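Heads up, there are several structures right after this.
Next come two complexes built around chain A: one with chain B, the other with chain C.
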Partner chain A sequence: MVRFDTAHGHRLIALCTLGCLAVWTTASAQPDPREIVERIDRLMRGDSSRGVATMQVVTEHWERQMTMEMWSLGTDYSLVRLRAPAKDAGTATLMAEDDIWNYLPKVDRSIKIPSSMMGGAWMGSHFTNDDLVQESQLIDLYEVEVAFDGERDGESVWELRLTPKPEAAVVWGHIEFLVGQDDDLPRWARYYDEDGELARTMEYSEVSEFGGRLVPAVMNMQPADKPGERTTIRYEELEFDIDVEQSFFSLRTLQSGR
Partner chain B sequence: MSGTPWSRIGWRNLGRNRKRTVLTALGLAVGFFAVVFIVGWSQGLMVEMVESATSLVNGQIEIHDADYRPDRSIYDTIGGRNGTDVDALLRAIDADPTVTAAAPRVYTGGLISSGQATSAGMFMGIDPVREMRLSRFLDPLVEGRLPVSGRNELLVGEEMARQLSTGLGEELVVVASGADGSMANDLFTLVGVFRTGLVELDATFAVMDIGDLQTLVVLPPERIHEIAVATIDPWIADATAERLGSGLPPADRPIEVVPWTTLNPAMSRVRRPRVTRCTSSSSSSSSPSPSSASRTRW
Partner chain C sequence: MTAPPARPRSLHTRTILVLAMRNLSRQARRTMLTAAVMVLGGALLIFSFAIGDGSHENWIDSGIRTSSGHVTVEQPQFRVSRKLEDRLTSAQRGEAERALAMPDIAPLVVAVSSRLRIGGLASSAAGARPAQILAVDPVAEARFSTLDDQVVEGRYLEPDDRLAAFIGVGLASSLELRIGSRLVVQAQDTENEIAAQLLRVVGIFRNGVPEVDQTVVHIPLQVAGEWLGSDEDVTNVGVVLQGSEAVGPVTRHLETTLAEPITRGEVRVMGWREANPALAAAIAIDDFGNYLVFGILFLIIAFGIVNAVLMSVLHRHREFGVLQALGLTPGQTGAIVLVEGLTLTAVSGFVGVSLGLVATWYFLGDGLDMSALVGEDMTFSGVVIDPVIVPLFRAVRIAQVVTFIVAIGAVASIYPALRAARIDIAEAMKFER
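And now, the complex of A and B:
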C-alpha cells in the first residue's frame, strides 16, 4: 500500500497545474487553422452582403472592363449581375448550393452550367465557375494546416496550406494562403496544380473600410503560365448583413433582370 | 523436261502416282489462293477504313495557322489576327489537279441549351455547298436539311439531340466566348440532325453556317480556322500537301498544310497495299479505326 504524505501531494498538484498551463499556452499560440479560415470567410463575406465591383480582364487578345452588382447569403447563395458594358448589361449568374445558372438577357433565357463546364471561365475572366462555388466551401473541401507562423517582411503572418480531402472533387493539388495575424486578412493565395506547379496567384490589396469592416478592396488574379494576363476585381461599394431572404436567390430573381 | 537426270526423275515421279500429284497440286493451289485472298481482303478493308475515316468529317488534308494545333484556340485563325483572303486561298487550292474539294471551317467550343438540358458542344461553321463536296457526315441527314446562311440555323448530332430532348424547329440557346471577350449568345433553330456513328461526334458537334458562327463569336469573314481538302486518292495526300504548302499565296503568319498521315499517326501506319509488306501492314490492322481517328482529331 502506498501512502502520500502531504508535502509530496502538494508538489504533485503543482506539477500537474504547471503541465496543464504549459499545454494551454501552446494551444493558444498554435491557433486552430480551420478557425482562421472561418474567421477570414466571416469577415470578408458576413452573413449576407451586397456590393458593386468593377472587373477588369486583360488577356493577350483583348481587354475589357465590366461593372457588376453582387449579393450573397451565407456560403451557399450568391447572385451577380453585370451593369456595364451595355452589350452584356443584365447578364447574371446565380449560384445556389452547388449549381450555377447564367441568365442571358439577349435571348431572355437562363441556362444551367453543366458539371463538365464548371472548370470553364466565368464571364471571360480568369475565374472559373468552380471558383464561385468552391471558394466559399474551402473548409469542407480542404484540410488546413499552419505551415508557417511568425514574422515575414516585418509583419506577423500565418501561412496556411490547404490540401484537398481525399473525397473532395477539386482541381487544385494544394493552395497556400498568407494571412496577416493583426487583421485576419489574406495577403495572397497561391493555387498549385496536381504536380505541385504554381498555376495562379491571387493577391489581395488596398485594405479599405466597407460597412464598418476593413477588407481588401482589390483582388488580382494572375495565371502563372500567361504573365501578361490578369483579372482584377475592385469593390466600389460593399455592405454586410443586409436584409435579404433566401427566396431572393431564385431563378425568378435571376430572370427578372433587377 | 529433258534437262538434267534429276529433273527427269522428278517429272517421271509425278506421273507414277497421279493421285498424290493432284492432291499436292490442289493443296498448294488452295494454300496460295487463301494467302492471296486474305492479304487482299485485309488490305482492302484497311484502305476502306482510311478512306471512310478521312472522308467522313476531316478530309485528307487540313490547312491551319501554324499555331492552331493542338490547342485549337479561337484566335489562331489562318493568316493571324488580320485573317486571310479566303476566296483567293480556296481558288489556289482548287487549282491543284489532285484536289477534288476544299471547304472552309470555323470552330469554337461553347454551351448549347434547350431549356430542359444543357450540354457542352463544339460548334463547327461550314460553307454548306463546299462542305457537301468534301465530307460525308451531313449526307444523308437523319432528318431535316442543311442550314441557310443568315438565318441562325443549326444541326446537331443524333446523340446531342437526344440529350437535349429537342427536335426539328425548336429553338436552342447557343453560348460561346466571343473573340472580343464578350459572352456571345443567341438563339438558333434546329433544322437538321446528323449521325456519324461516332458517339463523341454525335454527342458534341453542332454545325451551323460559317457566317452565322463568325457573327456569333465576333470574327470577321476573313478569319477562319481551317480549310479541309479532299484529294482524288488518300495515298497521294502527302505529296499534294507538300505541293499546296509551297504554292499558297503569301500570308502574315506561317500556314501549315497537314496530311491525314500526320494528323492520325496511328492510322498512317497503314500504307498503300504492297504484297511484300503484308506482314507489317496486317499487324497494324488493329490500331486504325474511325473512332481512334476522330479521337486524335478532337
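And now, the complex of A and C:
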C-alpha cells in the first residue's frame, strides 16, 4: 500500500493550511470571493515546512494508522517518511522536481516511480492524486461565487461555490467551501460530481496554533458512497519557514532513513 | 546355340512398371484400403494447415490492430522507454507516410495510422485509474483499429471532435462515466511536467480483452498536441497490410526509403513479430503443437503403409521367387515393390491434397464458425479471437504436404522392397499356393 504513494507531502501540509490566514485585516462587508480563494491558494504554496502527522485510514475491510514526518520546500521538493507502524518505518518518498522516488528499507532499495503509477489512492487513503498533485491554482480553474453570507449555527460564514471554468481539467462538477468569517479557516469542503451528487466531504476541525499560524489540526475525508469509510489526518507538529536546503531533498537523504 | 540378344534396358523398366501396376490392380481391396488412409491423411493435413494458418492470421490481425500494426515505424528507444521524448518528429512521420503511399507499395497497405501513445492517469469524480492514452487521427484510426466497430454506446471519434474521449467499458464502469461525462487525463508533457486535460466521453467500446477495456483511451491527436506540447509529432506510424505475408517486402521498402534516419539511429522499422513478441511466440507454440500432432498422425499413416506393402510382399513370396527364377535380378524385384509403393503414395497423395483443397475452398467464403465450441469472446495472449475462422490458402503448405507424403511413401516402401529383393528363390519356390 505504501509502495506507490505519491510524494507531494507539502500538499498535505497545504491542505491543512487551506484557508488559514495569518493576516486578515480589512474586514469588508462585501468580500470578494476570488480574494478569499486566492488567499487560500497562496497559503497552499508555503515556502518550507516540516511536520509530523498521523493518518488513520478506515475502510470496509481494514483499518490502519501510520505516523509520518514530512519536509517540504516550495512546490518542487518534498520528503515523507513513515515512522510507524514499525513494519513500515523508514519507508520514504522523495519528490524532487519531476522525479518521484520510493525507498523501501526492508530491501534497501530506491525505486523510481513512473508518472503513470502515481494514480489511485495515496497510501491507501481516500485522498486521490488530484488532491496532492494539483499544480494549478484554484482561482485559475474555478469560477468562484459567494453562495451564502451570514449566520449559520451561530457563526458567521461564507459558503463559496466553485464551478470549473469551461475547459478546466478538473473532475468535479462543483465544489462547495464553508469558510468561517472570524478566523478565515475552512470548515468543510464538499465535492460534487456533474450530476450534482455529493462525491466526498472534507472536514476541517480542531483549529490549533502551529508555528505562529492558526491551522485546523484535523482533516477528515469521507467518500459519500461509502459511509463507513474515512481518512483522518491529524497534525501533531507543524512548523513553517524552516531552515532546509534544496540539497536535503536528495536520494542520499531518502536512503539514510533518518 | 546362340546367346539370346541382350534385352534393352527400357524393356526392364517397362516390365517393372507393368508388373507393379498389375500387382496394384490385382489386389484392388488392399490397394484401396492403403490409398484411403493416405487420401484421408493428406486431405486432413491440407485442411488443418489451412485452418491453423487462417486462425493465426486472425490472431495476428486482431493483435496488431489493437497494438502497433503489421509494421511500425518508431523511435528505437520508444519501445523500452515508453516516453514521450522518444517520439518521431513531424518530418520523420511525414517521410514514413510518404514512403507508404508510393505506388509500388501502396496496394499492399490497408491502413496507416500515426498515433501518439502515452501512459497516464484517467480520473473522474469517482476515482482514478492508470490509462493507455492513444492520440489518433480519427479517420485513419477508424480504418486501422477494430475498436471503432466495437462501440456499445455513443460513437467513435470524428474529425471535428475537440476534447473527446473514446473509452472502454471497463474504464467507464470503474470511473462511473457515461456519454458526456467529464474525464480528466494526466500525463507527462514534452517539458516533463505533469499536465492535465479535460475530455468528454463521446463513445464507449467493448473489446473483450480486459486490459484493453480497462485502460485504453482514444483521443484526437490535435488535442494531445496542444495538451502535451507535442504538436503533430507521434510515437509510431502503424501500418495494417493485406496480410502478414506482405510484412517482409513492406519492411524492406521502408528500411530503404528511411535509410538515412535509420543509420542516424532516429527511426526504426519493425515487423509485428518484433513488435509483438508474445503474439509471435504464441503462434510459434501453436504451430509447434500442430506439427507434433501431424507428425504423430503421419507416423501412424506411415506404419499403415509399411504394413500393407510388407504384407503384400510376404504374401507374394512365391511370385517373387518365380520372377527371380525367370531372370529378374533382386534389384529389379525390389524396384517393383518400390514402384508399387511410390505409385500408391503419389496417386493417393494427389487425391488427398485435392480433397483437402476442396474442403478449404468450401470454407473460404464464410469461414468455419467455431463459436459453438469456444464461445463469443475468446481471448488468447491479449488478443480477442474471432470464433469464425477463415482458412488461409498457402502454396508453401501444399508443397510441404506433398513432399511429406512422398517422403513417407518412399521411406515406407524401402523396407518391403529390401525384403522382396533378398528372398531365397529355392525357399520361395517350395511354397505351394
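Here is the rule we go by: the second predicted complex is superposed on the first by the 166 of 258 C-alpha atoms of A that agree within 3 Å, B and C clash if a C-alpha of one lies under 4 Å from a C-alpha of the other, contacts with A are read in each partner's own complex, and residues count from 1 in each chain.
Keep this in mind: a residue touches a chain if its C-beta (ideal position, glycine included) is under 8 Å from a C-beta of that chain, and two chains touch if they have at least 3 such contacts.
Keep in mind that what you see is a predicted model, and the values were worked out from it rather than measured.
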Of the partners chain B and chain C, which touch A:I242 in the superposed model: first, second, both, neither?
neither
Tell me the contact category for A:E194 with respect to chain B and chain C: first, second, both or neither.
second
Looking at the overlay, does A:E167 come into contact with chain B only (first), chain C only (second), both, or neither?
second
Could you say whether A:D88 touches chain B, chain C, both of them, or neither, answering first, second, both or neither?
first
So chain A touches chain B in one structure and chain C in the other; where do those two contact lists coincide?
114, 116-117
Could you please specify the touching residues of chain A with respect to chain B in the complex?
57, 59-64, 87-88, 91, 102, 104, 106-107, 109, 111-114, 116-117, 121, 123-124
Touching residues on chain C, where the partner in the complex is chain A
119-121, 123-131, 163, 176, 181-184, 186-188, 192-194, 196-198
State the interface residues of chain A toward chain C in the complex, per the touch definition above.
98, 114-120, 128-130, 133, 135-136, 164, 167-173, 191-194, 199
Chain B to chain A touching residues, read off their complex
75, 111, 113, 115, 118-120, 173, 175, 177, 179-183, 185-187
